[in-house]
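Below are structures written as structure tokens.
In the two assemblies presented below, chain A is common to both, partnered first by chain B and then by chain C.
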Partner chain A sequence: MGAVSATADERVAKVSVFRRLLMKPELGAVIGAILIFLFFSFLSPVFHSAAGIANWLDPASTIGIMAVAVAMLMIGGHFDLSAGVQIGSAGLIVGILTTHFHLFIWASIAVSLVVVLAIGAFNGYLVVRTGLPSFIITLATFLMLQGLNLGLTKLIINTVQVGGIREEPGYDSAKAVFASQFTLFGQEFQITILWWILWTALATWILMHTRFGNWTFATGGDRNASRNVGVPVKSTTIKLFMIVSAAAWFVGTTEALRLGSMQANAGFGRELIFIVAAVIGGCLLTGGYGSAIGAAIGALIFGMTSQGIVYAGWDSDWFKFFLGAMLLLAVLSNEYVRRRAATQKKG
Partner chain B sequence: MTMAPETAIDAPVLELRNVSKYFGSVISLKDISTSVRAGEVTCILGDNGAGKSTLIKTLSGVYQPDEGEVLMDGQPITLDSPRAALDAGIATVFQDLAVVPLMSVWRNFFLGSEPTKGKGPFKRFDQATAKSIARKELKDMGIDIRDPDQAVGTLSGGERQSVAIARAVYFGARVLILDEPTSALGVKQAGVVLKYIVQARDRGLAVVFITHNPHHAFPVGDRFLILNRGHSMGDFAKNEITREELTAMMAGGAELEQLAHELSRDSADPQVREAGREFKDEAADLGIAD
Partner chain C sequence: MKKNKFLVAVLALPLALAACTSTSSSSDSSSAAAPAEGSAAATAAASAAPAAGGEGYGYNIAVVTHGGAGDAFWSVVKAGAEKAGADLGDNVQYQSDGDPQKQAQLIDAAVSQGVQGLVVSMANPDALKDSIAKATAAGIPVITINAGGDKSKEFGAMNHIGQDEAVAGNAVGAKMAEAGAKNVICVIQEAGNVALETRCQGVTDGLGGTVENLQVDNNDLTGAQATIKSKLQADPSIDGVVTLGGQMAAVAAAAVEEAGSSAKVGTFDVNSDVTALIKDGKVLFAVDQQPYLQGYMGVDLMTLYLSNANTLGGGLPVLTGPSFVTPENVDQISELAVAGTR
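Our next item is the complex of A and B:
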């Protein structure tokens, strides 16, 4: 074995460090994040102060937890348009069960997890069973959940806002886990930032170092080929949808606990943000390629841009333009990398 | 009487007896018999629509025969799914190769059968083992992959084919079925793949090599089954047939002769007549026309 690995093949040496870096899916996002950080730091000194950093890391963290899960699903070759509205469902279940039915808060959180995981399993099952594009299946789930969130909330509590979660027993312990702050260098940061790092590390480990991760890349890369070599394509797909749901549960619970209340229309329209963050992070829309770290950095870019524009004193309408431009750049560079990676050698 | 016991021990690894397959009123395969032994290559030849694909799918468990039987080591078996065929030691390398282009060579090599280490929630893909085995196996097959970390999509057609073959060999296949492995390749690449077929054979595998090219089949084959429109045109051992006869049977000699005549006589264009003459000469060399 030693002889094999020690043999310095002169053709291998040609692959430079630079090209190896170029093949990393998250490279573009890292460069983008550095440039955006420098850009807004230059425009406003507050941007890179401890308070400023805490401020833009907060939105980045919740978007990041979702983007990492959505990236895993995208690598597996699917979309989940119901990801945003599931956040709302998760938060509403926690809110209504504790405030209206006076279920102990941790029990409500557990019920919320079970229900949202079931939604994910439903999405995944329909996708593998029908073979229809996940885009259309989850669009249907998205619409149905949107209706259910509003309809059921009104039916049960006669209003569209669940309030008063803070007064329920057990709130403090739940808040400590999901929605507390920690102090670093004299600055308070949201604990979701730590959770975001943990989710990213876990997702990276799963993707790169487990069989399930290998199957995720394979399922997204070529479903038929994967099936032919014995990859459990169907169960992998269903589990990926459930991972997105688990992330939605986490973020939904966090938001309900942080605010002490939940709007029945919470989460609508955020699903695209997660997909954009994953794509900026290097995920291919066609599946089979991408990284969790990339998606986390994509979310960071989101957080920095949304807050940076405020610090720079610009009209916040520019945010959308920036985002669109970044998405376009990301898609173009991803496409270039994909072509480099998948081009057949001649001869 | 030394022949009888020898035959019993030396039963073919895989044998088809009078296999037929119908799709509604379409006769896809009719009364096909052939066999493949360990350390031998059986070639299945036929033009498009001859029933080659149906035959492979029957051998690899995708279809079940409507009549006749499949025997493994002399015992009848039922292959009711691709997984069952795999478990019986029948590995099929389909034309699409079942590789994922964006994934690295070593990840593809172990896809679906990844080695693991660690326990419980820390069970993980043993990448170091996977990489070193993939590199060693490819090298042992005489396959020279520069870097196992490179994406399979960047390999040439012949190299991809060789990765798929090496994978089947490593995962304990006793029968290796290759579906038109040389059809999309250039001359040099096809030669490389033929070399891997010989390698697999020398390692004691029973190889079923499907092709429509008698020039690829003849040098490596020990047995030849020729299909035409779902029927067997014959099942020959190598010493029973010559390359020319094989080519003639494959092409449907009479039709080719007719074409050669038409080209050489009926055209006013001297260039076409010339091409026709050359074609006829070549056909004569192959023993198709005179």
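Our next item is the complex of A and C:
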């Protein structure tokens, strides 16, 4: 732990490019991603065509936006099991406010952000206030939100699915930002892919080049020691939870606008995928170590694998097995590379 | 067709009853509101004698389904069951859990609470066998709805109200064949649900071409969209997509459009999005198994049995589907779908 955490001395010291590369937490994930890309490209020509790439980048991008935020939180030493359900909450708020209360769509999106940020702050506050494991606290919010999403949706609109977002004024402009497509090399790509890159870049910059980033690593590495040297552990933790919520808001809004409707059960069970993506990308479950780029690549691996299995034409009854096996392979190769890198660094 | 006449007759019954009860509407509405107050209200009403039509029947009927929380389909079943409760003056407690173990526990709880009738959906019949045996042993009549029709009689249920999945799947396959489809994918959104597998098998039988199943996740619709798109890209000869739940139809229609495929989309189950897509010509048809009817008739037939010892179906399942929603009748049904009853 903390081998790469950026203390001033290490950053100033001259290290060869090659060695710096090896020391990166995301290196294993990069190699895993390349292997999986080659593997599925070999199995199916569509996989590496423009249409194929656009298609597997699509699920990778939504998972990626979440995984990057989740990785930041994990580096800070916490989990958020409510991350998946918050996607549903965010989308439902946007949907209900626009279609039922006829609020202008951008205003609904803003309200949704405020509400979801409040949920994140609530998570963070409870965690720092009680000192209980975030695992338990966010499991509780996960369950509560699951009930709220369903209960409130049914209470307000008397059904479990908000539809008709497409017909509301302002939809086109909101869709252009969150859920449109852009053309590259004659192929349409989802705009979420660009947002994914942007989120990853932003998170990387925050983690590597800001004080908040340093505090994040420090908080996750050793909470007490950080507190003793004056790191604002509490506010850092709360902000990290709010970052995850912001990502959930973004993805939830994207889905509501893209599908034109939102189901009350949206997002349940997806939180684990985000954590998995972050771990594939080199985050430690214990905190203090990891990278945003790694998490983004973890999401890429997940996207490639889930779609690659379909392109390869494997029997879909075995889908989950193959998915699990591929992920295991990715993590193992990741671990192998990381260990090799660590020993070479010493030698 | 014979069954349809039957259904019309059955449908007319609750209407007639509703007309009767509406004369004393004030007492009716209070008893209809009771189920929300839970077990206390239920036990209080349990001691009341089954009253004559004028004041409502006042039976305590538990409806325990496997519908996942937040599922559009099951909210319609619930709406039907609750409407029947309100119309007939019964106390209807609707509960559901997608986990078979938990559903069994809900049934046990209803039995120990002393309900007078039990309406159950059986997505996983074997898991519920013991619980249903407890109910019948306690003298509580059981009606199964929606899923588990083939085990209904064996478990001692009075009858089954639902759509025969094989019959419906067959009709869908035939309809796809009629539209010229030969190579069809059948999108399964819930792994391990026997009814969904049966539907796809029925589609295979009815189509007379090739049908391949595709597993996706119902809680991750954009992911499901990408998966369907992948399949269409990987095999351009696919000319038909059958989805098994309302929301998945919208996703499949979008995937077909984005993949530039000319595949026809047909779907099971109806919601407001699906009716809009049928109007736009993006979805060919939707099979409606009339979930409202399953909830409503479950409570209604139970009440008829408790009050008048009537049974329906002659030992065969009472079919509520398939009825098709097509461009011809879509306008009328879409209005009802928005209201949450179709």
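Following the convention adopted for this analysis, the second predicted complex is superposed on the first by the 295 of 347 C-alpha atoms of A that agree within 3 Å, B and C clash if a C-alpha of one lies under 4 Å from a C-alpha of the other, contacts with A are read in each partner's own complex, and residues count from 1 in each chain.
Throughout what follows, a residue touches a chain if its C-beta (ideal position, glycine included) is under 8 Å from a C-beta of that chain, and two chains touch if they have at least 3 such contacts.
Model, not experiment: these values are computed from the prediction.
Contacts of A:Q187 after superposition: neither chain B nor chain C is touched.
Using the contact criterion defined above for the overlaid structures, shared-chain residue A:S41 touches neither chain B nor chain C, since it reaches no partner.
Look at A:H209: by the touch rule set out above, it reaches chain B but stays clear of chain C. After overlaying the two complexes on the shared chain, residue contacts for A:F217 are found with chain B alone; chain C is out of touch. Look at A:S261: by the touch rule set out above, it reaches chain C but stays clear of chain B. With both complexes placed on chain A, chain A has more residues touched by C than by the other of chain B and chain C. Look at A:Y289: by the touch rule set out above, it reaches chain B but stays clear of chain C.
Residue contacts after overlaying the shared chain place A:T62 against chain C, while chain B stays out of touching range.
By the touch criterion defined above, A:V229 reaches chain B but does not reach chain C. No residue of chain A touches both chain B in one complex and chain C in the other. Taken together, the chain A residues at the contact with chain C in this complex read 44, 46, 49, 51-52, 55-56, 58-59, 62, 146-147, 149-150, 153-154, 158-161, 163-164, 188, 255, 258-261, 263-270, 303, 306-307, 310-311, 313, 316-317, 319-320. Put simply, chain B touches chain A in their complex at residues 82-83, 86, 94, 96-103, 107, 110-114, 116, 123-125, 127, 132, 135-136, 139, 146-147, 150-151, 153-157, 159, 167, 188-189. If you check the complex, the residues on chain C that touch chain A are 68-72, 75, 188, 191, 212-215, 217-223, 225-227, 229-231, 233-235, 247, 250-251, 254, 258-259, 271-273, 276, 340. Those residues of chain A whose C-beta lies close enough to touch chain B in the complex are 1, 4-5, 9, 11-12, 15, 205, 209-211, 213-215, 217-218, 221-222, 224-226, 228-231, 288-289, 338, 341-347.
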